[in-house]
Each structure stands twice: as structure tokens, then as C-alpha cells.
């Protein structure tokens, strides 16, 4: 690997894309597991328990995920600051909407919104989970997951925030999905249009699915 | 007797260049490192010369007024570059390219130079391909060719409609490699304002940094002027806004003879003028004439109706159209050389048949070609009984593939769709065959001062064939100058670095600064453009496509008068020590005002019609060629090289007699 | 038509600049945008004022010298044209037109609307060439057949005029489209293979040194590019860079 890769603009762009791909994949599996909660509480508990106790996932994939999230966030913010510096004097009149869509121009906004949401999300699920396992030492409670989930989604404010966050996620993905392919150098006259359609589907279906799950539990358990 | 020695090598024509190369003196690589060369201009000639000389080991300083060498006006050449490759097996050869060029130039070019040009033409293509120039190719992967006006073979290589751009970017890339290595020191946004002579030899230049306004001294062992042509003396031309004669004119005033200034090429396929605000004319590649048919209405009432927009050109019936080139020149038809096509358009428009509001436009019609190509394509696709719409659609697709970018350009400017209605075209000043006189070595009459590309007079005679300018620029820069300059510099290896504190540099700088101060401090009442437009109108009216004695004399007087008025009343805003485009323009227009007069002097003295120079007094009076240009080989078979004496009108004429040993002088007939 | 122009005026690189307002009357809709500015300058000169400095040369859309950010868009509201090819028929009588220089840290303003695009040249010095000396003895041009699709793609990339609209329009001031065009041109051609890896590494390195921003694939450059250079080439450059980085021994 060339020495300059990770400090070059193109290298960083590729790393952003690779971490993006990883997060896309993570999101998909997260969605699939969460969706089980709609179908069957047992299946959801079983899978969650597996994910929460499997050492490979806990000690290897979880840190990788954490790193991926932080890297994607940190690099994204760093690059955005650098990009802002690349134009010290702004235009008095600018019409960026004439040549690029809102999503592509505001990845930093949608990205930061998602990160803020992740704070809540960690507070809701990840921190209690870590507390259970690593502070209280309780590793074997295979039925807590569904209950915990349902409990959290009983709060209409929280559900509202979740819905909003997933709207931001959708906006982020509408550009991010296909952009990641472009960044790693995949642009093909025949396949790129397909990837773009696929990306749009992914960016709508997955966040919509998450929203559906949250509302589903809210409606079924709030009264 | 004349001081001119063309230094043509001895021996048979086809061996001259080879013999020459075998016998020149060379400079050893260690010595080359101690020799500096200045190149002014970074177009095809200057760019390729700078790169090649730097590759050889010389220290090159290159100057251009643009912000990057890549923007030189060679970039705007569209059509292509000729080379005697004979890839199409249609009978082309070095001799035939040589012959076509001499004939096309109306026998006013130096045989030996033209032969050398034809000889190295093939190398240019090899060199450019090696550099990564993306020439058009056929499906088999080999290079494609097209034909051009004035010749009967297909020898033109092209890169879409952007051949000049691609060739220039090729030369620019070669320069970049040397700039990166430090062998070329590039001076962007610099304008040469004088040549410095020391002991009669060119030893440097005075240049102005156009950003800071600073006047700088640069020394060298040889100076190459590759600053292009002077078509902007007409104000309106297809040249870039900044194209100017100044570098060439300064050299002329320092002792280099200026040859054949009146040979100007008026390009037939330009977009007509639309109004007073017009700043330049836009050329469309001559390749359009391969498929377009040129016509005006036969009936005056149709002309009037068209001008009043009561009638559309597509409504004029076939029998009411005058395809005047096909009528007058059945053998070549719409593909006659540029000068012939231009004059024929002027003849029709002068007779009142011009088709736009200004009366200065003729039609270039693609409907026949669209139908022909459409039917061919339908056959190829195996379509049974295609509809008329289908044929038109297929035909338009073929035309789009060939000329799409030109059609788009036309539509952007004129706001009419040329696929549906014929284009309007009119001739415009495009190229100047005249220029600084050079010998076989491309050296001017000043030792150590060279001129290359459009800036010199060589190779094209009185008229240039299409796709030959790119060929000449690159031939001069890549393949001629590297040899001939070396021969001269072999005597300079002991000279050492030339100091810029010599009194000659000081004097030249002082003169330049004083002139700039004079322009700035003049504080007159009229803008530079006012004078430039006035000059341009006189040039176009009296020294344009057709010239006569009375008009030329009038032009000389009026130009001298405008010049006087200019120096009295010009207003140049701003300061000297800053970026000041008006000051730049003022200096250039001041030089045009001198050149313009010499231009008219030359046109007046040459009482014959040849190539781009058409004297109304010299036409065939009878026979098949009645009304066509009449050349006078008895009295004018020479190059007119003018020596500056302080006033353009009093320039002294030196004649270089042209001898034709390998070619028979004939009347150019395209009938 | 009558117009109100808001133009960036700045005396030199060191001075502060500001927008100034100039009314202008009787502009023909058939004139080009730069011809409109010519008229403005002629008026200013006649009033004894200093004209607006702007870059321009060929005025036929090929030299790449003209720039200008017009009403919030590089080369103005039309597509596939440079400013010199922009015609006044794109505007309406009574319009207010903002005219600003191309903005980027890597394109410092020299005066008024004139910027220094030397950074583009320096990127080319770093690798925008094929190392072949002039000799006249390179192999015959047809000894090297190149598949037409490759030659055509190389040509598509090579049509870049180096105007800098991509940088000016990119919200990040990224020069990737410009660099990608050159990298791609040579990567399609057999002549370019020898230096292929080194070229992309060197050109990207120089691009980063110049202070351009990073590409975030908004695609604005492709839309505003007067020559329609495709984003495909940026993807290609990314790929070239990725590949070259992996095997690089540096």
C-alpha cells in the first residue's frame, strides 16, 4: 500500500466508502433482526441473545462496528471541515440546487443528525446492554430483549424521534448508497443505473421498515 | 541587390533535408546545459519547439500571454492535420502533399521548405500518437482520415472537431514533462514587448509581467518567435481576442524583414456577423463542406422575402436555388480551396443575393447529405421501404456523428436548428500566410532570431490549404527548429551566460517603459477599441477579400491618420504596475496600426491576383476562366520581404525570387 | 434589454473585494455574455472609470480561459457552454445578474474576476504526460491499433478545457473531474500504460497539495462542465488510484 493512501483525498474517499459499505451491511442485518420482533417475540429474543453473547460478535465485530461508526463520523466531519476551508470566500449568489440534489450536498447534516440519534439509541439499548454484561456480569437473560424493546417504544416522544432520525437516515442513504460505489471506482454504463435504483429502494425500504417496527410496537403496546 | 539568402541546401529536392541534417554542426550534451533559448508563444509551433529543445538539453524559457500554455489559439483549430501517410491507399505521397501545398499556395511558396514540410508530416502523426493524442480511429483500430478542400486524397487526421485542441494538449503535455523537470521555465501571463540585440545578434527580450505590470529582462542565446498570426488587424476575425502581431512586429522593427503581409486567408465557413457589439467571428470547420452544399436563391424576390422572414429557405424550390460553387467549379464543386469559396460568396453577396439582414450570408445546406446518408444507413440496417421520416432521422444521426459539435455550436450562437434549416455562413479573416521572413533554417534576417508557425511566412505561399496550419506549426517546432537552431548554437558554446545588465538591455527596457508610460499618461478621450474597430473596418473594406489600387491608397492614408489620432487621443485607464487589460490592448493596437499600413503597401505593390490576395485589376478577361484571379508569374514570382525604416509606408522592398525546379507553374483551375 | 449587474471588484490579490452594482442598457439578446461585458467596459472607459478585468481569449468555447460564476452557476445558466458561448437570450429584460470569480482557495483572485489557475498546470506537471521524446523515429502510428471504443473514451476524457468550472461549482472545491479526465485519457490508451500507476499517484498527490477539497460525489461538476466530462472518469480515477496504491512500493 502506498504511504500516502490514507492521507490522500482519493484514499480517504475510498475509506469513507468502505466504512459506508460496512455500515450498510450492518444496518441490513440490524433491520432483519429487529423485524423479527414484529413476527415473533421468541425469535427476536433468541437471535438477540445469540448476537449479544457470541464471543466472535462481541469481541471482534462489535469493536469493528464501533470503530467503523466512529471512523465514518470522524472522517466525515474532518473532510467536511477541510472542504469548507477549500473555499475561504463564499459566493454572494449561489444556486447549488441547479446541479446537485439536496441529499448529496448535505451528507454532513444528515450524518450528524443520525449520530445524535445514535446517542439516544446507545443510551436506550447499547449502554444498558453493556452495563448488564460487563458491570453487573449478567450474561444469561435470554428473554429481556423483547421486553426492553417494547418498553422503549411505548414512549410517543421517543418514537417520534426515532421516526425523524430514520427520515434523516433515508436522506443520507439516498446519496450514500450509490456514492459509495462511485467512490470505490464502480461506475458502469449498464450497472450503475441498476445500483442507483437499488440504492433508492434500500434507502427507502430499510428506514421505512425501522419506522414501521417502532410504530408497530407503539401501537400494540402503548395501551 | 537583395540581402536575402534563403540558404537552401544543395542537391535534389528530395534529398535536401536529409543532406542538411547529415552535415550540420551539433552541440554536445554538456554544452547544451549552458545554452538558453527563449520561446515566445506556446501554440503548436512554440509549444512543440520548447518541449523538443528542452528534451535535447537546452534551458528553455517559454512565454505566453495567457494564464497557461494550453490556451494558445492553436487550440481552436477544428478540422484536422494533413500528413502524407497514404493510409487510405488513394495515391498520396510526400510529393503529392508537396505538390498540393505549392499549388494550393498559388506558387508563391519556397519549394524546398514545402518539400521538407511534406517529408516530416508523417513523423508528426507518429509523434502525436506516441504522446497519446486520441485521433479518430476506424473499427479495426487504425487511424481514420478525411478529405479537405483543395485536394483529391484523404490525408487529414482528426480528433472529432477538436484536432487543434488535442494536438496542442499533446505539445502541452510534452512541455509539462519538461517544466516538471525544470528544463523549461514557464512564464505565463507575460507579454514580449521587445527584442534585445547585442552585437547584431538576438540575445534576449523585454517582457511585461501582466499580473504585476513589472517590465522584465530575459537573456538567451537564441530567440524563437512563435506568436501566431495577425488576423486581428481586421478587428473581427476568427482569432482569439488576445492574438496579436506585437512580438513579430517588434522583431520586424529591430531588423527582421516582414514577408508578404498582404497574404491573408479568408475562411469561407464562418458564422455571419449579427450586430455592432460583435467581438469576434466564429469559424466552423471546413470539413462541413464535405457534406454541405452552398447556395443562394436564384431570384431576387426570394432573397427579399427571406430577409423579411416571409419565406423560409426550406421553402425555396430546388430549381430556384443557385448552387454557385457547383455551377462555377464542376470538378471541385463545394470543395474548392478557401480563397475561391470565399470570393465566390462575396461575389454573390455583392450582387445582392445575401440571405440575412446584413446581406452578408449564404446557405450551407445539409438536406441532400441527410437524405443520402439516411438511405445508405437504411440499406445497411436492411430496412424495407423506410418512411421519409425514418430516412431523415437516420441521416441526421449520421450527420450528428460527423459534425455534432459544430451543429451544436451553431445552434448555440444563432439559435436555429441546422438539421432542419440550412446554416448561414460568411467568410471571415482566419489565417495570415504572410509573416516574418525566414530562411530555410527558419532564421529571420536577425542572427539568432527564429520564427515558427503562423508567425513566419514560409510554406503556405499565397494561400493555405485546410489542415496544413497544424502540420506546419508542429513540423517547425518538433522537427525543424531542433536541428536548425543547434547548427547556429554550435557557435555559441563559448559565449557563456548573457548578462541582462548590458546597455542594450537597459536601452530596450527604457524604450518599452517609456512607451507604456506614454499610453497610460495620454489620457485622451477615446477607448482602444474605438481605434481598433476603425482600423478593422478600413482593413475589411479596402484590404479585405478584393483589393484595388484606389482603395489601397485610401486605406494607407486613413490608417496613418488613425494612428496619429490614436497617439493623440487614446485613453488607457488604470496603472502600469497592475493587471491592466486595456493597456495590453493599447500596445497591441498601436502595433496593428503600423502593420495595417505595411499590409496595404504590400497589397498595393503586388499588382496580381494570387491565392488569398485578389486584385480587381488582375482577372482573366476571357475564356473558360473569365473573371477568375489572374496570377502574374513574370513580374511577381517572388517573396516580398519588407525592411523597416521608421515608417511602414517607407519600408524597403527586398525580393526573394522563387524558383520552381520540381513543379510546373500552372494556373490554379478547380473547374 | 436593460439589466442590473452585480460584479465582484477587487483591486489585486492582496486587497479586499466587494460586490458593486452597474446598470446597463440596450443589450442585444443575440450578443454573447462577454460581449455584454465588453459594452459595460466600453461605457466605463468612456466615463473615465476602470473597466472590469475578466479572463477571456478564444471566445469560441475551447481555450478554457473564460470563467465567471454567473447568477450562482459556473459559466451561467446554460448547459454545455463556456461563458463566452453563453448568450444574452438566456436572460430576461430587467434581470439582475450576479457575476463573481471562480472561488476556491486553489484559485486565488488576481484582480476583479480574474483568478490564478496555476494549480491546474502544476497538477499536469506532476504527471499529465507520456514520457516520449521528439524523435521522428517513434513507431509508425498504425503499428499500434487501438480499439475504437477505447480511443473514443480517451477522446471524451481529453476534451477537458481546463477552465476550472468543476472546482468553482463543487461545494467542496474539488478538482477531481479535471484530474480524472487526464488520468483517464492515458489509462485508456496503450501508450499510457507504462506510467499509468505512477501518474495517478503523482497527480493526486499534487492535487491535494494545492488545497482543493474532497469529492463527495454530488455530481455538480459533471452538470456544469462545458464539455460534459463524465463522472465515470472520477470513478475510473478512484479505481486507478486504489489499484496503484495497493501495489505501490513507495
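Every chain is named by a letter (A, B and C) in the order it is written, and numbering of its residues begins at 1.
Keep this in mind: a contact is a pair of C-beta atoms (placed from the backbone, for glycine too) under 8 Å apart; a residue touches a chain by one contact, two chains touch by 3 or more.
Keep in mind that what you see is a predicted model, and the values were worked out from it rather than measured.
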item: Intersection of contact partners for chain A and chain C; value: none
item: Distance-maximising chain from chain C - centres being C-alpha averages; value: A
item: Chain A and chain C, separation of their C-alpha mean positions in angstrom; value: 36
item: Whole-Å separation of chain centres (CA-atom averages), chain B against chain C; value: 26
item: Computed distance of Cα centres, chain B from chain A, in Å; value: 62
item: For chain B, residues that touch 2 or more chains besides their own; value: none
item: Interfacial residue positions of chain C with respect to chain A in the complex; value: 6, 8, 19, 69, 71-73, 77, 98, 100, 103-106, 109, 169, 171-174, 176, 201, 204-205, 207-208, 211-220, 223-224, 231-232, 234-242, 244-246, 248, 250
item: Sites on chain A touched by chain C in the complex; value: 1-5, 7-14, 79, 82-83, 85-96, 98-101, 104-105, 107, 175, 179, 182-187, 189
item: Interface residues, chain B side, partner chain C - complex; value: 48, 51-52, 55, 66-73, 75-76, 85, 87, 120, 123, 125-132, 134-143, 159-160, 162, 164-166, 169, 172-174, 176-177, 179-180, 186, 188, 211, 238, 240-242, 274-275, 277-280, 282-283, 408-409, 412-413, 415, 478-479, 482, 527, 529, 571, 573-574, 578-582
item: Touching residues on chain C, where the partner in the complex is chain B; value: 11-12, 27-28, 30-32, 34-36, 38-39, 42, 44-46, 48-51, 53, 55-65, 78, 80-81, 85, 87, 89, 110-111, 114, 116-118, 120-121, 124-126, 128-142, 144-148, 151-152, 154-155, 158-159, 161-162, 185-186, 189, 191-192
